Amino acid sequence: MTPAAAPADAVPVLTRPRRTVVLPALVFAALALVPAGAFALSAGYLLDLFTRVMIFAIAALSVDLLIGYAALVTFGQAAFVGIGAYAVGILASHGLTDVVVALPVALLASGLFALVTGFVCLRTKGVYFIMITLAFGQMAFFTASSLAPYGGDDGLTVQERNTVLGLPLFEQPLVFYYVVLVALLVVYLLFRALVASRFGRVLRGAKDNALRMTTLGFQVYRFQLAAYVIAGMAGGLAGFLLANATEFVSPAYMSWQRSGELIIMVLLGGLGTLHGAIVGAAAFLLLEEWLSALTEHWKMIFGPLLVLVVVFVRGGLIGIGAALARAAGRRGPRG
Amino acid sequence: MLTVENLQAGYGETPVLFDVGFRIGPGEIVTLLGRNGMGKTTTIRALMGLVRPTGGNLTFDGQSLAGLPSYRIAQLGLGLVPEGRQVFATLTVRENLVATAAARFGDRWTLERVYDFFPRLAERRGHLGSQLSGGEQQMLAIGRALMTNPRLLILDEATEGLAPLIRSEIWRGLGRLKQEGQAILLVDKHLDAMTRLADRHVVLEKGHVVWCGSSTELAADQSVRQRWLQV
Amino acid sequence: MVEPVLAIDGLRKQFGGLVVTDQVTLSVAPGELHAVIGPNGAGKTTLINQISGVLPSDSGTILFAGRDITRLAPHRRARLGLARTFQITSVLPAFSALENVALAVQARSGSSFRFFGDAAAEPALNRPAMAALDEVGLADRAAVPAGHLSHGEKRALELAMALVTEPKLLLLDEPMAGTGREETARLIAVLRRLKGRFAMMLVEHDMTAVFALADHISVLIYGRILLSGKPDEVREDPQVVAAYLGDEIEFE
Amino acid sequence: MSTTLLVVQVLNGLQLGVLLFLIAAGLTLVFGVMDFINLAHGVQYMLGAYLAVAFYGLTGSFLLALVLALAAALLFGLLLEAAVFRHLYGRDHLDHVIATFGIILFLNSAVKYVWGAAPLSLPVPEALTGSIVLAPGILYPVWRLVIIGSGLAVALLLYVLVSWTRIGMLVRAGATNAEMVSALGVDIRRLFTLVFGFGAMLAGFAGIMIAPILSVEPGMGDTILILAFVVIVIGGIGSIRGAFVAALLIGLVDTLGRSFAVDLLRLVMSSSTARTVGPALASMLIYLLMAVVLYVRPTGLFPAKGR
Amino acid sequence: QDKVQEKLKVGVIATLSGPPAVLGQQIRNGFQLAVKQLGGKLGGRDVEVLVQDDELKPDIAVGKVKAFVDRDKVDFVVGPVFSNILQAIVKPATDGGAILISPNAGTSNYAGRDCNPNLFVTSYQNDQMHEISGKHAQDSGKKTAFIMAPNYQAGKDSLAGFKRYFKGEILDEVYVPLNQLDYSAELSKIAAAKPEVVFVFLPGGMGVNFVKQYRQAGLADTIPVFSTFTVDESTLPAQQDAALGFFAGSNWAPNLDTPQNKAFVAAYEKEYGAVPATYAFQSYDAALLIDSALKATKGDTKDRDALRAALRKADFVSLRGDFKYNTNNYPIQDFYLTKVAKRADGKYQTEIVEKVFDDYADPYVKDCKMK
């Protein structure tokens, strides 16, 4: 809670997306310190693991933008990740390996796909929207699977990571780690500004009561389409990074299970908070990593864990944090 | 038959009712009066078990309502016409009426009688709840509550959105019910009609009962009318 | 005669076999408060839905400020200056009262494709919003989420939202429903103050309000206009009394 | 393509449709009628199949296994409702998604833990093993006819139950406004519990009936679940009739697409291109169908009215 | 000397979740059985076997393999089951300095143009398995065939493999969607086409569904089915009698008559309660291969050239009998036609019918630059 030092003419508004600063700052600080920890423990694989976490966090952020702020429950977000990844893979197989080419192509391709499919999908609402996004996701998946020149179902090895203006910077795990971190930070800040902006307010309003927004004079569809394209491009960015991280692209990146996992990550972390998506992605992937090391039957633990989180905590892991903070705040003096 | 003592309730951490108490005897009509947001609906919701009271006693026919789920309370004979109608949108008019119908305490109210009472509903019997006009929905909500043949009928703004003609029909109908011995708890803004109809009135202000008395007392007490009801 | 803000001609709407509005012809002059009354299910809400564009019309035309809007999408009509409130309260429950109104201000300002800048801190949005809340008596409830407001307060909020769009015509569907006497009186005062600023079309069963406010009344029965005239003509008309007003004279 | 083959394929399509309906039926009930997204429907279907295999192993009789497995599926459904679903009524759809996803993970893994990863099998009941001759040289397995029959029976049962009985009314009412149903004197919780149990039983029933023609393995419910959702979405959520029509439609489109896509494409393109495009198209066909249907009718073929 | 005493680490990566888990388990079991029988040692060194599940997701597999290499510092990675996972992990495994032994997947690119000195395959080149059926159908004078596979790369390769040796008429070539459940449409087509032989490649659950439905449609008694990965010991427990008489092509069968194999099958069944399939034996062979190479280098893994040379020699007795490495690190071996049979103890297995190829090398080796 920020102290009441508001500017004089500000009026109290409860529903502005809460401008939490502490938790996101902590999250990013922790991520920035991971490499130091990794070297201290001489556990280089931690870098890879957290690189992966951050890449999925970007994808999860894009899902949170849609679900958490626009009530557009997308069940096909993995397709955009896949498209971004395939842009890297296909370009590389034709010898085009520089970021200058690959990144814009990845963003454009995913943005374009979002524009075209969003145009159709946004005619529907609710569960119908869920299913139609799934349909397009599946079509992308099957298309990738039948791309025989690019490995079809087997996928495509990316012989080397993208170069930056000819420099093989991404080959350095540490450099690549920070590149991903910066990408995550940029997406996060961008989205944060977005949801508080006039544009974001319309999105949130439409989430609350779309009919009312229409009679107020907003053409809700256009705002949602714009959000869909932005989220699609963020997904494409994640795919671009994922292809570089794994040096491999595969239709499996586009499977509906993956889209589902992205939703679960966001819900696990806490919907409609943005940093919750990052926390959720980290929690999901780290739990998966650690539990699966414990036992082959780790899903027998992970599944009930998810159920417990939903039933007993509202608002995901962030919700637990907030509840604890409140409890502490009630006891201790206000800071 | 209904006794409310020192009732307290609220939403989440916001208390709304602080001290509400009144009683309704058999065959009596009692009204809850008060300006907007003073806690009339909340009192009714607490009665019906839709809001958990945080304190006080509720008894109906000597049986405590504390902790009972709302369906048990309804089964004791409380019939609710909720604020905002809340008809079942996906059910037809007929289905709305029969789905929750019951004859636990007599069977005075049947489908035919409700249709007689509101001919409009008979005309629209095949319509879905969502395809009704506002007033028709209101009639349906009243009919639905009557079909449970309640011992205590609770009407929360039941004449909202009804045409004057129908409204007078309702007042007349309630008058007939009273003669048949039906107990009624009434919330409405039509003070004149209510003074004519009701035995006693309870005035709420910010979750407290601030006045209580008969129709004659209310008519006589100009200060109450001015201070709490702004008439 | 001045050109009417709204001129409806031969409007009709049918649901399946049920004709709900039929040959509705009426016009609203600038600055006029035109009340539409009629029994439950007569088609009043349907008419408002047709005018605001929520429901397409089967036949007939709607002229708004001289322009044919019969086939225009609802949001386009809203932009032309056609605002409405809903019979069943419709606000954005998760937004604060102030933000509800601020959104309406934003809708009027027309520039919503702004991706940066904290909308909640924009005085250009908040000041007019606050003023409108004040006007309907909700100033002290500005920060409360609309979903937590009482019934009557939501009504007032809806009115405030409509106000700030500075409409040419405001469609009001039973604004008094569910408000207590005090609030009804206050709403009447607010509407009276607003009279003349823009035209209004009022659908209402509260005859106190209707006769206190209306310049002109149309009576709709079974989807057709039975009578259209000055309040006194309507009040005395035996047909209207028999079909709608009834014997219990509650008003005055 | 010969006419006989076309006729047979149409029949096959309808048959697949009924199969899909059988699986989607319980889902429509719980989702359409109670507004609860139960992703665990797929694993409940799987569990039905496993239980049947297990009980068959114990009793050696298909009929006994059917009865016992149904009872067990019902019991399990009630258990699940009490333990998990009950806490989630009236919550956001997304809460349903995450909780039931958790159940999927758990059950898929638990089944593997208990019965092993290897696929299991349930034989067709002895009396129903034969085939009948449809056309010269074309045989139709009797068990398939049994499946069609039971699918139709379930469709009818559900339709009557939901549309015509008071329980059906109450459940539909409860889906839109549970609080009011309760305030009018009906124990809506118990009703929901029953519906859930019934839904679980339907899922289990589908699993049992299909087990003799499919492999019983962990994860067998996952793809099926998606198909079932496609069915109820195309049909219009909450509409039993819609689900039935959509299931038949999908069955037909999928079967005919698979059978004739290549031949048809050959009419407009070279044979080798048709060979690559055809199967890819056939795989996507139902999703394409869904996208087209939803584009034209954004709330499905038979949208529930009044929501 | 100290170094040799250090524990040898081997990372096994296989699909252990989802429906194909049964295959991954066979790979894990086969390897662990061998290590156990060798007294917990390979080439005299104590072994620690780390097992990870790739979940059939390439990016997960990459992460797990990177962790094997970076964190666990394994010398060998053994796995995976599926070709698409192999494609994903070859680079991270071999770039990271480990030697990758593939106990099942053997794609054509790694046999040819992408052949890799640090990748050893103990199974086969995928095409070969399909060629067996084609060759046998051709040799036994079949004139017409109906062939079918799932619509993905391996499916297309399989039908191409069949057609490489089969010169009769292909009545229809059908690609079904991956994980198709109901085959009525295809069965009707087969019944209408009346081919002399049906060839299918329908791995896992697809095979179970197909075989049961083929039998129920009454076709099993009239038209013989040749197959790959459609009827094997991993699916037979579910197919049972329905699969009796189905043919398959393989480089091995449980009843292959060598003393080592008999002992292996008996031990495997005793340990895991199931009949082993090719996955298990090839993974068992992978352990033997490592064992043989480490024996040759006296436990040393640091000198990679020596280690690779030793692996190349394949100086061990394979369960399948003849086994030697070609220059692309893919085996040269015999292939058989097998047939499903019910054993006296009621269990089902494939049994050898006849040898179809002798010392058969894949053709891609000519594209491989390794010598």
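First chain written, first letter: the chains are A, B, C, D and E, and each begins at residue 1.
Criterion: contacts are C-beta pairs under 8 Å (C-beta built on N, C-alpha and C of every residue); 3 or more make two chains touch, one makes a residue touch a chain.
Just so you know, these numbers come straight off a predicted model, no measurement behind them.
Path length between chain A and chain B in the chain contact graph, taken as the least number of steps between touching chains: 2. Under the touch definition stated at the top, chain C and chain D share these contacting partners: A, B. For chain C, the chain whose average C-alpha position is most distant is E. Distance from chain A peaks, on a Cα-centroid basis, for B. Across A-E and A-D, the chain pair carrying more C-beta contacts is A-D. With centres defined as mean CA coordinates, chain E is found 75 Å away from chain B. Centroid to centroid, with C-alpha atoms defining each point, chain D and chain E lie 35 Å apart. Chain A and chain C, compared by their mean Cα positions, are separated by 43 Å.
A separation of 29 Å divides the Cα centre of chain B from that of chain C. Not a single residue in chain C touches at least two other chains.
Touching of two or more other chains is recorded for residues 108-109, 112, 279-280, 283 of chain D. Shown for chain B are the residues that touch two or more other chains, namely 131. Here the chains touching each other pair up as A-C, A-D, A-E, B-C, B-D, D-E. Residue ranges of chain A in contact with chain E, taken from their complex: 43-45, 48-49, 52, 145-146, 148, 151-157, 242, 245-248, 250, 252-253, 258, 289, 292-293, 296, 299.
Of all residues in chain E, only 16-19, 21-22, 24-25, 151, 173-179, 181-182, 184-186, 188-189, 191-192, 194, 204-205, 208-209, 212-213, 216-219, 234-235, 237-240, 242, 274 touch chain D in the complex they form. Those residues of chain A whose C-beta lies close enough to touch chain C in the complex are 7, 9-16, 193-194, 196-202, 204-205, 208-209, 211-220, 223, 226. Listing the residues of chain B that touch chain C in their complex gives 11, 14, 34-37, 41, 83-84, 120, 124, 131-136, 138-139, 157, 160-169, 171, 189-193, 229-231. Residues of chain C touching chain A in their complex: 52, 54, 73-75, 78-79, 83-84, 86, 90-96, 98-99, 102-104, 106-108, 111-123, 126-127, 130, 142-145, 161, 165.
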